[in-house]
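There are two complexes below, and they share chain A, which is joined by chain B in the first and by chain C in the second.
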Partner chain A sequence: MAAPRTSPTPAPAPATTGTGAGAGTTRRAVVVGGNRIPFARAGGPYAHSSNQDMLTAALEGLVARFGLAGERIGEVAAGAVLKHSRDFNLTRESVLGSALSPETPAYDVQMACATGMETVLGLSNKIRLGQIDSAVAGGVDSTSDAPIAVSEPLRRVLLDLSRAKTPQQRLKAVSRLRPAHLAPSAPTTGEPRTGLSMGEHQALTTAAWGITREAQDELAVASHHRLAAAYERGFFDDLMTPYRRLTRDANLRADTSVEKLAGLKPVFGKSLDAPATMTAGNSTPLSDGASTVLLASDEWAAERGLPVLATIVDAEPGAVDFVHGRDGLLMAGAHAVPRLLARNGLTLQDFDLYEIHEAFAGTVLCNLAAWEDEDFCRERLGLDKALGSVDRSRLNVTGSSLAAGHPFAATGGRIVATLAKLLAEKGPGSRGLISVCAAGGQAITMIMEAA
Partner chain B sequence: MTDTYLNLVNTGFTKKLAKQLGLPRPAVLRRHRPGAPLVPGPVVVLDDAASEKDADTVAQQLLDWDLDVRRHAGPEERFGAAVVVLTEVASPEDLSAPVLALGPVLKRLAPGGRVVVVSRPAAGATSPAAAAARQGIDGVVRSLAKELRGGATGNGIVLADGVAPSAPSAVGALRFLLSGRSAFVDGQLVEVDSDAGELPTDWERPLDGRVAVVTGAARGIGAAIARTLAGQGATVVAVDVPAAGDALAKVANEVHGTALQLDITATDAAERLLQHVRSRHGRLDVVVHNAGITRDKLLANMTPEKWDPVVGVNVMAPLRITDALLVSEALGEAPRVVCLASTSGIAGNRGQTNYAASKGGVIGMVQASAPALAAAGGTINAVAPGFIETDMTARIPFATREVARRFNSLQQGGQPVDVAETIAFLASPQAGGINGRTLRVCGQNMVGR
Partner chain C sequence: MSTATGRSGATGRSGAADGSERAGGRVVELPATPGLAGLYGRGVVGSARAAVARRRSVRPGSLPGTRLRVSGVRPDPTHLSDYQHLLHEGASDVLPAGFVHVLAFPVATALMVRPDFPLPLLGMVHVANRVEQRRGLRLGEALDVEVHVRDLAAHRAGVTVDVVAEVSVDGERAWEGVSTYLVKGVRLDGAERPDGARDSFEVPVPTGQWRLGADAGRRYAAVSGDRNPIHTTTLAAKAFGFPRTIAHGMYTAARAIAAVGPARGEAYRWDVEFAKPVLLPSTVAVRVAPDDDGFGYAVWNPRKGTPHLTGSVTPLR
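Up next, the complex of A and B:
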């Protein structure tokens, strides 16, 4: 398994058994496995780790797990939401710093919190088309090592200064400088078009759907308890590689309870008419971390004796008009899922497992409420009746972002690798649904099946 | 970790000073470097009259390796090694001529030189006089090793009766002991039990095509084992606890192997290990049970928390995994199991009743498992490291560490690679005739045998 390999020419595409529409003419793209580093809270043990450090670490663990040192992978795609301008080639630089063959091409993707999902989607399609045989999808984010930019006026002065040719021009540029310009400008989670933070946006939606504080706290507690149980049974032993002495997600509180969470003060929606229900306990914390997923064709995996956990069956992106308040910021999944179901001839109840990204407990509960709502499904989704309810015992069964944390671009890789392993455990024929919401009113939804 | 004293007495002004003050000056050991000669000079092959035929066989083997071989020590020469063949001695009187002929050679042994004595086990002797002669050789080897200087070592090869000096393991052991790979093996007798084994086509890569599992591979001796086995051609599956996964990944990637995060004491450990090697490689040829822990405590203060994990990791896990492998049919045609024992398991060590129980246990385990492995076409052996420069020994208090480090014939601690090289030898195809044995890598530590 040592020598660098060149990928074989794609074999004639076998017909897939997947339910994805239009999949009859392409081959399967499978999830071989994944690797992530434990997620840390902002300012924690990864405070001085860059996106490139963390993505490289996640990649190194993946390479080691699957014995890919020196191999040329078809393509690697990853990205970060909070990104320094110098990191224009973040993924390629991480590949060059890894044990993969330096002949492995890589590109960056950025689609807010759906970045990781989009890398899986794009790369799995390339595999299905036979353009590549193997791929690594991933994402990374550091809210600790966030880029800090100079203010807009200072930036203009500095650029003019660099273009100035004469002393007079230089003097003229510098003379425009004011002390206030020196204040740095840090990134925020505010939506550029509304000025509202993501939490405030979700608070509007949570209130609109009448989601209670108790329901949100219960979901959060379940997330922590399920993630803790997954660790206890060694579920993450082959999904994670420790980093900087962290061996588990730092945000995990195995001993939390509804009582404990009930004591927290609300942080979002305090200016609304409805009671504020969103606390630090039922919202995801700012986090640092990275994740990767190894995707391949069946042939590529078989040649190397690698496991095949699940198939990427189909995916559907979505976006909503949150700017004018027609939908909540994080409700795009509610719209994308019915389209995905229709294309695949499935109902919402046809799944063994559901992974709905817990940006906030309220996000998950609002999406579920929307699918259960007769009026919403008829009027907004154009369906005959409500999509119906999701069996909560099948939802986020090993916890999700509320417990694990949510390094924005890393969440997609975490969810895809986790679901792939869960499906493999459930056995052939089992099916899972993913929905990951993102800033800008977007989402990516996906169907996976046990391979 | 670095041995500052060793560096000082071997470099610059401090070297001169140490010489003038008559301070002990541990030598920089001759270790294997690719392309370096097998021995640092001509080899003289000595024998007692009765063993001349075997000595000729050995000499011919050395010639086949393109060495400069002499059958008598000339007056002015400097020697890279002396091989003394005493396979047919019948009485202690027979030792006189060859051993006395060896004496002057020792004075002219090059730094990093080697003395290898080939003999037969006393247990197989047909007369008390022959047994006395054979056992006497044991004493000669251990004594002369203590007299050697300049990083030279003295070791023996004990060939079971009926095993020719041309047997694969006799040849393999000879080459190993002459080479830089045995730098920290000193005063030891390697017992060759049978004609089993096979000479490699490439002595630099005897493990080509073999699949090897190394437990505890994230750091220290385990990481060195992974590197050494991979360097000799093996495909390495590096195993360590999930918490050590990041260091493990680095080692696995460095050796182009795979990392398996696994607690070897888990009930399904063997099953998961087997699943990994079966799916990735189809089979398993070499298992190195290296993972080990210490929880030192005087027995008077010992607790189950300090006793049980040590026994669990160091000996129970190797026992269980080896059993599972033997019934799995996943083993290759000539499997090799190598375990890590310790000089503490041989000589005992204050505060280490738990560790000594586990490491003594390993020695018993390999002896008792030898027939089962032989039946599977393979071998099981142990390596007992003495003081090795690792993170573990770096935690020993300074004064204790300095004493422990110098308390051997080479007056220094060994490097992890020294242990790894011995393990690689026992894992090699040429070591197939060595089974159930424990080989010390201790620079001839003054304690124990």
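Up next, the complex of A and C:
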């Protein structure tokens, strides 16, 4: 394991790439380190832990690792996708429950599965602008402790009842109640505008790009094997704090194989003309977990003798019209990455490492296929030619969400901290690209460099 | 939820004269939007009368020229919100075209239950609908609704009639809807029945799906006032030959244009042809996607590959 370098470059240091990202006029925002709790499967060891419990646990681990007790951090931002309405100040409450100074401000962010990425993006920009010197980005999600709402008719009756002033008005409100209204409504992974689950959406895209079952299973197996290897070499020792007796991601199957995954039955895309290829093995499981990332200016880290692993160079969000079938739900990264590359004068091949969030194995493979496709790149991305292929030996080298699990808002923090450490290991000049897709047809893409 | 009766009412010109002449027929002014519950009662009576008469054919030209008119209809904001929420519409103060159809529907029904209307109301099948929304109608505008019937036509399964509703503001036509209804088993005198060939349906790639619950008919009945029992009770649906209740055609067509979203603009043409009804509950496959002139849509049974409805939304420039 490469020890992170503790001597930051003298500030202000312009980003080495990124002409359009305000380089030269702003200072660098660097990743000092990260901390997460192992990700659990839904209904597992964190079944009775709330989002606030888990976020606080991840934050406390970060505070302990970097000696931040009593420290007033510039700002903390985190979020959850499945969020109780009572958790309107989830992040601030977690800060108050941590050893950070209670004078540390905090805010909540929500951008579906890109929530964690958006916290890193927003906070790093504030650091670059000089508004804050330090920040903690993060995210948490629990599918076990998900909010359950009363049905829409019951909710309206209850609201009208609370507004009723006379007994007659109350009686009128209550008289609208029917037994069926008492059934609770739980959150789903369905897209509100299409009624299709994320898996069914991906199945359409997977079929459209002709991605095979074998290719998906191979990607899933690689994810498990690489995550297991990373654990074996102690890579996660300074990125993780055990929680509730869990010391590794519970979804990890180090001994899985293409043969084992081939035995699983398809779960998505079963009513399409194309053969169904998506199984529980090449799709992410519902998960519980939390992650945090410590961001800072070079000066702030130097003053405290803290390491700097990597720089947040630039980022580009994207979105697609999946509602009318123009693009697949999880294909926004395919559109955002070329814009990000162009602004920074880079090609798709100019990276040492790639982190593409494995919502489904098919998601990664469809995005790669799109960049390799001449027609798509010309007609949809407006490029002269295909972006080309990604060296698969550089992609998700310590595994990704298929193996680790995917507590929605926690995935961005996991990826940024992991890539920062990988870049620090590779040494100066190494460069990484991130793409994280999200519900609503969105994505956030990001370039990082070894600090 | 209340019925349509108590909601979007008219300001009501009391004592309106019954019988001003107009090109194409006598205009009968109603004081307010009629209540649909009572109209259905009259529809049942009228349909029973038609059944007793065992009317198996109608004469061309037997449609009444009467135009029914309600002036100054002002939609209720809560009614609009309920409609928009149920149909997954946007939340603007511009009335969705399907909502205007709901406002005009009681007037159309009132025309069809009059004794001079030659066809039975119950058992009519909505086979097609065409709407031209010439400009966006806004909440707060006073709408004049006028309805007439026209175009008796032979159909392979019976006879069809067009019910035309026109909505104007200050004398300017803003919305026109033509609903084509089929009465099965009735012949149009002197007309050959057209061939039974239907357009073939190629199952498209879906862009979404709708899970329609057993209560989908009752919920649309509550916002539309269209409480035709084939949509609300299984027993009535069985009486008309359906194993279960069926979704309102206009509910499904209105959800399709809601899925088009703001891209349709405020002025557009909205066409739909209904094929097999949607039995409730069911999950149907949906495609709503851009085509040459605007948007095309289709709703079908994903297991059988048979269409429920197809149509288009064409922005008017």
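Please note the rule applied: the second predicted complex is superposed on the first by the 430 of 451 C-alpha atoms of A that agree within 3 Å, B and C clash if a C-alpha of one lies under 4 Å from a C-alpha of the other, contacts with A are read in each partner's own complex, and residues count from 1 in each chain.
The rule is short, and it goes like this: a residue touches a chain if its C-beta (ideal position, glycine included) is under 8 Å from a C-beta of that chain, and two chains touch if they have at least 3 such contacts.
Please read these numbers as outputs of a predicted model, since none were measured by experiment.
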In the superposed arrangement, which partner chain does A:326 touch: chain B (first), chain C (second), both, or neither? second
Of the two partners chain B and chain C, which one touches more residues belonging to chain A? B
Quick one: is A:194 in contact with chain B, with chain C, with both, or with neither? Answer first, second, both or neither. second
For A:305, is the partner it touches chain B (first), chain C (second), both, or none of the two (neither)? first
Partner chain(s) touched by A:176 [first = chain B, second = chain C, both, neither]: second
With both complexes superposed on chain A, which partner does A:86 reach: first (chain B), second (chain C), both or neither? neither
Chain C-facing residues of chain A, complex: 176, 180, 191, 193-196, 200, 204, 208, 271, 273, 322-326
Listed in rising order, the residues of chain B that touch chain A in the complex are 235, 238, 242-246, 248-250, 252-263, 266, 279-282
Looking at the complex, which residues from chain A come into contact with chain B? 1-2, 57, 60-61, 63-67, 69-70, 98-99, 234, 236-238, 240-243, 247, 304-307
For the complex, which residues does chain C have touching chain A? 1, 88, 203, 205-211, 215, 259-261, 285-290, 295, 302-303
